[in-house]
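Both of the next two complexes hold subunit A, though its partner changes from subunit B to subunit C.
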Partner chain A sequence: MSDQAAARPTSLLNRGDHTARRHAAEARFRACGLGAILIGLAALAMLLTSVLGSGLGAFRQTYIHLPIHLDAAALDKSGDRDPEVLKKVTTIGYRKVIDAALVEAVAQAGIVIPGLTEDDSAGIISREAPAQVRDMALSDPDLIGETIQVRILADGRIDGYLKGRVSAESAARDSNVSLAQLQLADAMVERGLLSLDFNAAFLTAPDASDQRPEAAGLGVAILGSAYMMLIVLALALPIGVAASIYLEEFAPKNRLTDLIEVNVANLAAVPSIVFGILGLAIFINFAGLPQSAPVVGGLVLTLMTLPTIIIATRASLKAVPPSIREAALGLGASRMQAVFHHVLPLAAPGILTGAILGLAQALGETAPLLLIGMVAFVREYPGAPPEGFFDPASALPVQIFNWTQRADPAFVERASGAIIVLLAFLLVMNAAAILLRRRFERRW
Partner chain B sequence: MSRLTLTTSVLAILAASAATARDQVQVAGSSTVLPYATIVAELFGENFDFPTPVIESGGSSAGLKKFCEGVGENTIDIANASRRIKEAEIAACKAAGVSDIIEVRIGYDGIVFASDIDGESFAFTPADWYKALAAEVVRDGELAPNTATLWSEVNADLPAQEIMAFVPGTKHGTREVFDIKVIEQGCKDSGASAELESLGMDADKLCTSLRTDGRAVEIDGDYTETLTRIGSNPDGIGVFGLSFYENNTAELQVATMNGVVPSAETIASGEYPVSRPLYFYAKQAHFDMTPGLKEFAEFFVSDDIAGAGGPLADYGLVPDPDLAETQAGLAEEALMN
Partner chain C sequence: MKDTLTETPAAADTAKIATRDLQVHYGDTHALRDVDVDIPDRTVTALIGPSGCGKSTFLRCLNRMNDTIPAARVTGEIRIDGEDIHDPRIDPVQLRAKVGMVFQKPNPFPKSIRDNVAYGPRIHGLTRTRAELDEVVEKSLRRAALWDEVKDRLDALATGLSGGQQQRLCIARTIATSPEILLMDEPCSALDPIATAQIEELIDDLRSRFAVVIVTHSMQQAARVSQRTAFFHLGRMVEYGDTGALFTNPADPRTESYITGRIG
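After this line comes the complex of A and B, so read on.
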């Protein structure tokens, strides 16, 4: 009997075994929860450090500052500055002029590097530079014959050297860059001929080939993504909201609407690649829309985003208390008036939040775009809408995918830089969604 | 009501667009040819008044399938291929109305075997690869699973390093070349082929089936994935294109094959055994329809671009000694028979 009394807790102050066990269980559960969050945070930290570590460099770029004499004898033999004749001189012709200018500038600055050939010094210039200078000369033919001060891109390997990606040890093994070139780069940095500047072109320039990682930018991809988001917003929001209002407020509850409801929920879980296959079959093969065009991407992403928007809209319509509808109807409003004057305004913040989250999901989607030809090398900017919707364009996630497959190691930096840009866009969209919800959502 | 007008206007735009002409060349196909095609497209765009062509990758077979979908605005103009078009594909093309195919050989590409730069160096023969990677080998007159674990076991001259090979997946054109020029060749060279036949077994099939015990890893992604795998597994030996290796000499060292170091010269001369021609295929019917198509095709194989010392050779393409013939064929729009 005394044993039994000892086993049972007798006072609040005197914890028994059972209480201790319950407390221990709770402590374990808390530790597990905390552990789960820490694992999540560690994964996020790892992702961010790896992306930021290799990607921030993309926002800075090495430029060569040179005076170039645009020799009329080489660039305009006829001498009358006729634009049609000027176009006949290709970038190969301009390349020679730039190479000569660099060799001269190096000599004038008094830089002497043992073992440096003229080919070596010319090799630190990007292959994009002749196109830059040629565009300048063609847009203003009067420059020919003058000496102009230009800022041209340096080769990707030299850029990597200034950013610490290429070192003397790696250069010794690398057939694309020599030690003498790195010494030349050092000397040019000292004399202000070479510098690492902010790289605005990363956000505006089009993609570039494997030989010019230093010139590759996100311009076409950002424009393509923006066009697609416009299409998704213009189509998915009205269609999605109209469908949800009808289903939620007007449709009779019967087997058919149940079936529709199940299907909508099901579609939201369908893998996105399926929408790509659908898009290829319907929009390209059947409707005859062009390949690689934002209009097809936008339509496919609209199909993908619709279920998300419908579900979010219906949830926020449901959250409006029936008393609001009943009060409106009681005062003589029609059902349509009750919905549009009272229910919809109250549900709007929730609908917009759902729409923005749907858009953010669509922005980061790659798989369906693979099938409709958006994973392409596109250098021409699409035109202004609406015709521009039909021009070939790339998209942000697709550009990242593209760059990770390139052979030149400099593209790793570009791909990570593009991930940073994409994350920034997603962050802005999600922040807008949270802000909307915080400011306008009403709780009942 | 506004919804109705929106829908009709969208439909109107769709209908209008289907009728407008496409003004840029569209290309799809081999991921091996892709970097060369982008280099040419970029130069073409900056030196000509035509827009820069749009180039998709996806593999030779996928590209040729798209190519053979038909003739017209919504089909591609050019298919890149790292192998020759097959009879079945030509037939599929004909069935869809694409009967006027122009074949253009742009040059040669070497397939190289490379390993971690700080690891051992290798001098391979095709027989070494067959013996190391064949799923089943003949032992004491019977088929037995391949149990070799070290390269030194297949050839005493090789270093005692774990066998770990990263070979391209079957969707790649590179794999076909690897199978034929390395594995099948090795099967013959080592005498295994004759031995299998003498035992009354299907030598062709047994020769090219690779082991599945994790020693031969198929890479379905691109060469960048192979490079990453070697980075995390320094014992690994990867199969790469010559141009990819030449852009990553800071991390990779190349193995010799039959004692020959792969380079543009040894591949052009035929000394280095593992190489293949690269092609693109164009539709003659599109020459009048797509502005810039013929100019682009001719620019691709011009001496300045695909010849020795041109940008493609710089990047790793082995120039075709018979480039002049290709140029002449393209100029007169010679069709495939």
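After this line comes the complex of A and C, so read on.
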């Protein structure tokens, strides 16, 4: 006692050694916490700048604006505009028409580039452009014979030049694009024949081959991801919530339910690729479901999401005070009435949050989808549900993975753009979780 | 299972609640031993005793709330109106509608005041029309002496009421299912003296219609509100008799020690 009394300063105005040490410890701890948060924020800022910096370009695309005369002599020799006959003209036929139109438009605009061959000027048109024009002509055969003003894709290198990815120096180093082509592009921009416009096709178009990054879009991937999310929501939410309610409110507490609880927690930690192998073995090899189909992806992601939903649901059911259950039971409510009238509504915000976070996790999952063949190159849109669930499709994260593997640097921009789209979807889902939680909480 | 008609003990004929050789185990703990008691109708019966003596356990046996605790095991016989409540033909849900319970901590549902009171009648299908339901709500709230305070805000959240009001709401909610027996587990332990006085007055009033069994830690409260008192100690019912006699002239030395403050 006497030691303590000696250590304590006589006046409250003097800080003792002990107090000073405590304050120093607290200050150190606060500094550590602040530092951790700053590091996290810096990492986030770096991620966003890098993704936005390289990905925003994907939402703008270089287009060539041309009047094209769809020559009836070349495109419809029979002259009766029979759709079956028109289909026999391949994109090669249209290619010639477009090339000719470009040469003419360039000449009309008075652009003279020394050393520019006709092949060079044709080279600034995307390989996808003939298909665009052919689709137009096939959907409206009356256009043949007319001169129409079209907006066609420019080649990826020219697009890169307008976005600053390709320069005269880099063009000199490789043979992908010639200096004359770049000069032509400059002249066309000046005369309004070439411009950077908003690229809606990035969100709607299907994937494109290695040679035409300018045409690649996320349409199939977004549709495939949406189908899978529908399946996950329709299966994982009811199964997960029902399982949690049974385990938490009705099941006897014994060794078996303890074992189940531990294993559900373990399942949540199983690497997702393992679920992919499981899906491959069960859904494709055993059940004979088609490869690359959203239904298989949805089922695999359901298995992966179930533990997350079950854990979140059980936690929010546990958080409902037992006095509410007692009150309901004491009034003569049955177990089920007590759960469905009182416990479940109180747990609903937590359940919804868990479900949406589980969905968001499933939306970004890549590894299991690779194993069930969703990595395939898919250009056909899947059909409308429910048949469409069995058509081949891609998925957003897989599409990103796919694009990062391609050689052309234009795909790097596409991949970053796809990451932005994925992040936007995740943000929307999280915002929905917050809104729903607020809304439900207000009701009580 | 004994035949309910032929072997009813004589005393149970007049008693609302009769227990014989009642034992309760929670896992390995023997929480209640050999309780034989006859509780008359239209009387307030107080259960007193030190903490952990089994009085709440006894109360929870009477509407089979112990069924909801997995580790609890109840043996022996409990008869209400001569019917064995552990008979397999008896549904605990129906039993709990007949034997209402008010808990220690006010536990209104986080819904409107009206919904709280209307919940019991709704799930038991006691009313057919909205008007009938409104009538039951008003009657129950009036009987619980809460009507005047909440009549203008029946759609307000019940959780926004004060503690005493919440407890009276819980009583109103229990009354609304028209029980015959009212079990109260320390209903005033979380309340201030004014709210306590209101509830005690209410209990006295409820006696004209129900058999009330109340667990209390306050001997003054037991003396004020009850006609019969049972003293529990270490899982046994030590003494049971008229409240006046038990407090002034206890038969058992343990009862005397407790009410004079030497044990407990």
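Convention: the second predicted complex is superposed on the first by the 430 of 444 C-alpha atoms of A that agree within 3 Å, B and C clash if a C-alpha of one lies under 4 Å from a C-alpha of the other, contacts with A are read in each partner's own complex, and residues count from 1 in each chain.
Keep in mind that, in the parts below, contacts are C-beta pairs under 8 Å (C-beta built on N, C-alpha and C of every residue); 3 or more make two chains touch, one makes a residue touch a chain.
These numbers were taken from a predicted model, which means no experiment stands behind them.
A.B. asks: Based on the superposed arrangement around subunit A, label subunit B with subunit C as either clash or fit.
C.D. replies: fit
A.B. asks: Rounded to a multiple of 10, tell me what angle the C-alpha centres of subunit B and subunit C make at the one for subunit A, in degrees.
C.D. replies: After fitting both complexes on chain A, the angle is 130 degrees.
A.B. asks: With both complexes overlaid on chain A, does A:253 touch subunit B (first), subunit C (second), both or neither?
C.D. replies: second
A.B. asks: According to the stated criteria, A:342 is in contact with first (subunit B), second (subunit C), both, or neither; which is it?
C.D. replies: second
A.B. asks: Who does A:71 touch here: subunit B (first), subunit C (second), both, or neither?
C.D. replies: neither
A.B. asks: Mind telling me which of the two, subunit B or subunit C, contacts the most residues of subunit A?
C.D. replies: Ranking subunit B and subunit C by residues of subunit A touched puts B first.
A.B. asks: Could you say whether A:441 touches subunit B, subunit C, both of them, or neither, answering first, second, both or neither?
C.D. replies: Neither partner.
A.B. asks: By the touch definition at the top of the document, which applies to A:261: first (subunit B), second (subunit C), both, or neither?
C.D. replies: Neither partner.
A.B. asks: Give one of first, second, both or neither to describe whether A:173 is in contact with subunit B, with subunit C, with both, or with none.
C.D. replies: first
A.B. asks: Closest pair of CA atoms, one in subunit B and one in subunit C, after superposing: how far apart in Å?
C.D. replies: Superposition on chain A places subunit B and subunit C at a least C-alpha distance of 21 Å.
A.B. asks: Within their complex, state which residues of subunit B touch subunit A.
C.D. replies: 3, 6, 10, 13-14, 17-18, 20, 22, 24, 26, 28, 31, 34-35, 37-39, 41-43, 45-47, 49, 51-52, 54-58, 73-74, 76, 117, 221-224, 243-244, 246-251, 304, 311, 314-315
A.B. asks: Using the touch definition up top, name the residues of subunit A that touch subunit C in the complex.
C.D. replies: Within the complex, subunit A contacts subunit C at residues 252-253, 321, 323-334, 337, 341-342, 346, 444.
A.B. asks: Inside the complex, what are the residues of subunit C that reach subunit A?
C.D. replies: 63, 65, 68, 70, 93-97, 100-103, 105, 107-111, 119-120, 123-124, 157, 170, 173-174, 177
A.B. asks: Note which residues of subunit A are touching subunit B in the complex, please.
C.D. replies: By the definition above, subunit A touches subunit B via 87, 90-92, 127, 131, 134-135, 166, 170-171, 173-176, 208-212, 234-235, 238, 242, 284, 287-292, 295, 373, 375-380, 386-387, 389-390, 392, 404-409.
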